[in-house]
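In the part that follows, the structures are each spelled out as structure tokens.
Look for subunit A in each of the two complexes below; its partner is subunit B in the first and subunit C in the second.
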Partner chain A sequence: MIISIASGKGGTGKTTVATNMAVSLGSDVQLLDCDVEEPNAHLFMNPEIDKMETAYTLIPEIDEDKCTFCKKCAEICRFKAIAVVSKTVLTFPELCHSCGGCVVVCPENAVTEAKRELGVVEQGSSGKVKFVHGRLRVGEAMSPPLIKKVRSHIRPDIINIIDAPPGTSCPVIAAMKDTDFVLMVTEPTPFGLHDLTLGVEAVKLLNIPCGLVINRSDIGNKDVWDYAEKENLPILLEIPFDRRIAEAYSRGKMIVDEMPEWKDKFIELYNHIKNLVKREKN
Partner chain B sequence: MKELVILSGKGGTGKTSLTAEFAAISDNRVLCDADVDAADLHLLMNPDIKQRTDFKGGGLAVINSDKCTECGLCIDLCRFDAIKDDFEVNEVECEGCGVCVDLCPEKAIDFPVKTCGEWYISDTRFGPMVHARLGIAEENSGKLVALVRQESRKLAEAKNMDMIITDGPPGVGCPVIASIGGSTSLLIVTEPTVSGIHDMKRVIELAGHFKVPAMVCVNKYDLNPKQTQAIEQMVRNMDVTFLGKIPFDPVFTKSMVQGKTIFEYDKESSTRQFVKNIWDGIMASPEMNQL
Partner chain C sequence: MKIAITSKGTDLDSEVDPRFGRAAYILIVDTFSLGIEVMDNSENVNAFKGAGIQAAAMVGENGAEVLLTGFCGPNAFKTLNAAGVKVANDVTGTVREAVNAFNEGKISFTDTANVEGHW
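Right after this comes the complex of A and B.
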């Protein structure tokens, strides 16, 4: 089972839902924080990290002794990562998408591949909950390849909960695609609803079943309920605004730490998702 | 031309709300929404769109089945697993690198330029605004961010305005990097939470990396006054200007529901003074007034 938790808008409570659900389930569960630009789940789960690996992507390296300055590498590169200026080849590694076109097209075998650091992937556990996250190197622009590395740790035998980044573009797609269910966390405000609408469009494109959590459910207005009804999206949990939750969050405490009665609600949330996924598969 | 770019790292700290408030209390500037992925500023600005232009992103590989001999070279070459055994290109996976297009022995792959979104020049009750909408699941958000910023600059020059206020995206990746190059200063809006602090530090580090001066303010400060104090200390130790704080106030949500700023919605709100102090601090800061 793979559940991704997304939102469109940032700060609606993705990490809160992901961590509380993982901890409530307790065992046979893994949390994968794919918000690699700003990973926050570890601040609440305090995992013991037992394995850390640096993740790389490939960038071209030119052997100028072999190079005849034919410009084929610069011509194939759609990302302007290689330029040939008279008898010099300039590379711009930060623009490279690692497609490997320059390597294949060079008639002199003068292009080989070196590494650019994307960031790190750390693995560990918090109690019986397994934990993986990626941390993008500050200054690195491309998060999808690092998200893929985090996702390579998905285990088919247990429950995998993916904490996705905000937005609707490539990093979110990299986190949500090929998951069994997308849980969208929203808040009932105009910003929350607007970005939820975009997020749901992205989920539809990927053809994944989807349900909602409405966080701070007593602020704003009722438009999100109307939207959910119109789109036939099940509302699986409502979390009212509670200053105790907000204050606990500010200190890195989870809802289930502060108010243990919420544990059953998060387990129920998971069971609800499990049933929806089962129904979808039949 | 001065440009203030509003960032946070963490989403939901109040970037867009503050941008709108600043719009309400300033003049002679262009508003720019650079959060093209999940743009929200228009919900408060109610823009009257004057000019609408397609945003052309990169190419997308399309296999012409009449010419294709199913030799499989494209499948072997594609590093993004975008071509499956049925010789159909998966649009979501295709990175637009064009390697298959150039190397197909039958020249059977087309590479049409994709329209990835739209960008707009609008009038608002607070003056001109440049904004955009990136298509769902599209790449090239950095390119569109760079475009709306460049168009904001052109518009400001044409209208003889001396400043741009840019509402930035969350995170520290591609669209954020595209938001900060060449700007005058960053305003980082954080909140007194462990995640707010964690993410703020990474944006400060990014600002340092690209040598753009940053300033910090704390929103919802009274959710944890102790943590707010710690942020103030931490920021000063990093040699970053601390501009002040804003209380947690439901007036922001209430006015948002009405599509208004707090300056329009509630003339009595004491929170207005906190916002005003931060804006005055920005305008008087050495960061915004460097030559």
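Right after this comes the complex of A and C.
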């Protein structure tokens, strides 16, 4: 089982839901923080990291002695990461998406692949909950390849909870695609609804079943509920705007540690999701 | 000599387009005869990424020795530099005014990009 937790708008409570659900389930569960640009699940989980690996992506390197300046490599590059001007080949590694097309089309075998550091992937555990996250190298602009490295640690035999980055662009798609369920965390504000709508449209394109958590459910207006009804999106949990929750969060504490009565609600949330996934597969 | 000027239109009285990579047109002007070759840059205007790099390679291929434009980012600058094209930023007014200013030696060239790259 792979559940990704996404939102559209940032700051709606993805990490709160992801970490609390993982801790509530207790064992046979793994949390993968795929918000590699600013991972924060570790602040709440305090995992013991026992394995760290550097992740790389491949970028082109040109052997100018072999190169005939035919421009085939520049022409195939959709991201314009290679330019051939007079008798020079320029590469722009930060634009490269590592497709390897330039290596394949070069008739002179003058293009080879060199490595660029993306960041690190750290693995560990917090109690019985397994933990993986990625930390993007400062200055690196491309996070999807690192998200894929984090996701390579998904274990099919246990529950995998992915904390996705906010937004609806490539990093979010990298965190959501090929998962069994997308849980969208939103808040009942015009901004929350606006970005939720964008997020839900993205999930529809990926054709993944989806449900909502409404955080700070007693602020704002009822438009999110109307939207959920219109789109036939199940609302699986509502979390009120409770000062105790905000205080726990601000101290890096879990809701379920400070207010144990919430543990059952997060377990129930998981069971809801499990049933919806089962229904979808039948 | 041939110089490249980013332009909003296709003749000498068009306004200089301040953008380089995503300029509407790039005009290659002969500074003696004022003859114009129009390069339609519409493909780069809508490019997903790397518009500056592509436009710079195009300017180099068309034999221009100088580029007059408004803003030039780091990747475009690096490409123009490799192509041996000298760059003048912050050029305003019409293409004709820019060419005249160049002919009168009133244009100064830069050795750096004048805007940040963007993603």
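Following the convention adopted for this analysis, the second predicted complex is superposed on the first by the 282 of 282 C-alpha atoms of A that agree within 3 Å, B and C clash if a C-alpha of one lies under 4 Å from a C-alpha of the other, contacts with A are read in each partner's own complex, and residues count from 1 in each chain.
As a working rule, contacts are C-beta pairs under 8 Å (C-beta built on N, C-alpha and C of every residue); 3 or more make two chains touch, one makes a residue touch a chain.
Every value quoted in this text rests on a predicted model; they were computed, and no experiment measured them.
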Q) After lining up the shared chain so the two structures overlap, which partner does A:Tyr249 touch, if you call subunit B first and subunit C second: first, second, both or neither? A) first
Q.
Just checking: does A:Ala141 make contact with subunit B only, subunit C only, both, or neither of them? Give me first, second, both or neither.
A. both
**Q.** Partner chain in contact with A:Phe92 - subunit B first, subunit C second, else both or neither
**A.** second
Q: Please work out whether A:Asn282 is in contact with subunit B alone, subunit C alone, both, or neither, and reply first, second, both or neither.
A: neither
Q. Who does A:Asn207 touch here: subunit B (first), subunit C (second), both, or neither?
A. neither
Q.
Under the stated touch criterion, which partner chain does A:Asn232 make contact with: subunit B (first), subunit C (second), both, or neither?
A. neither
**Q.** Of subunit B and subunit C, the chain that contacts the larger number of subunit A residues
**A.** B
Q) Which holds for A:Arg78: it touches subunit B only (first), subunit C only (second), both, or neither? A) both
Q: Could you give the residue numbers on subunit A that contact subunit B in one complex and subunit C in the other?
A: 78-79, 141
Q.
Going by the contact rule set out above, which residues of subunit A touch subunit B in the complex?
A. 8-12, 15, 37-38, 40, 43-44, 76, 78-79, 97-101, 104-105, 136, 138-143, 165-173, 177, 189-191, 194-195, 198, 201-202, 205-206, 219-221, 243, 246-247, 249-252
Q.
Residue numbers of subunit A touching subunit C in their complex, please.
A. 74, 78-81, 83-86, 88, 90, 92, 95, 141
Q) Which of the residues in subunit C come into contact with subunit A in the complex? A) 47-51, 53-54, 56-57, 60-61, 75, 78-79, 82-84, 119
Q.
Considering only the defined contacts, which subunit B positions touch subunit A in the complex?
A. 9-13, 16, 37-38, 40, 43, 58-59, 77, 79-80, 92, 95-99, 102-103, 134, 136-139, 141-142, 169-177, 191-195, 198-199, 202, 205-206, 209-210, 223-224, 227, 248, 250, 253, 256-257, 259
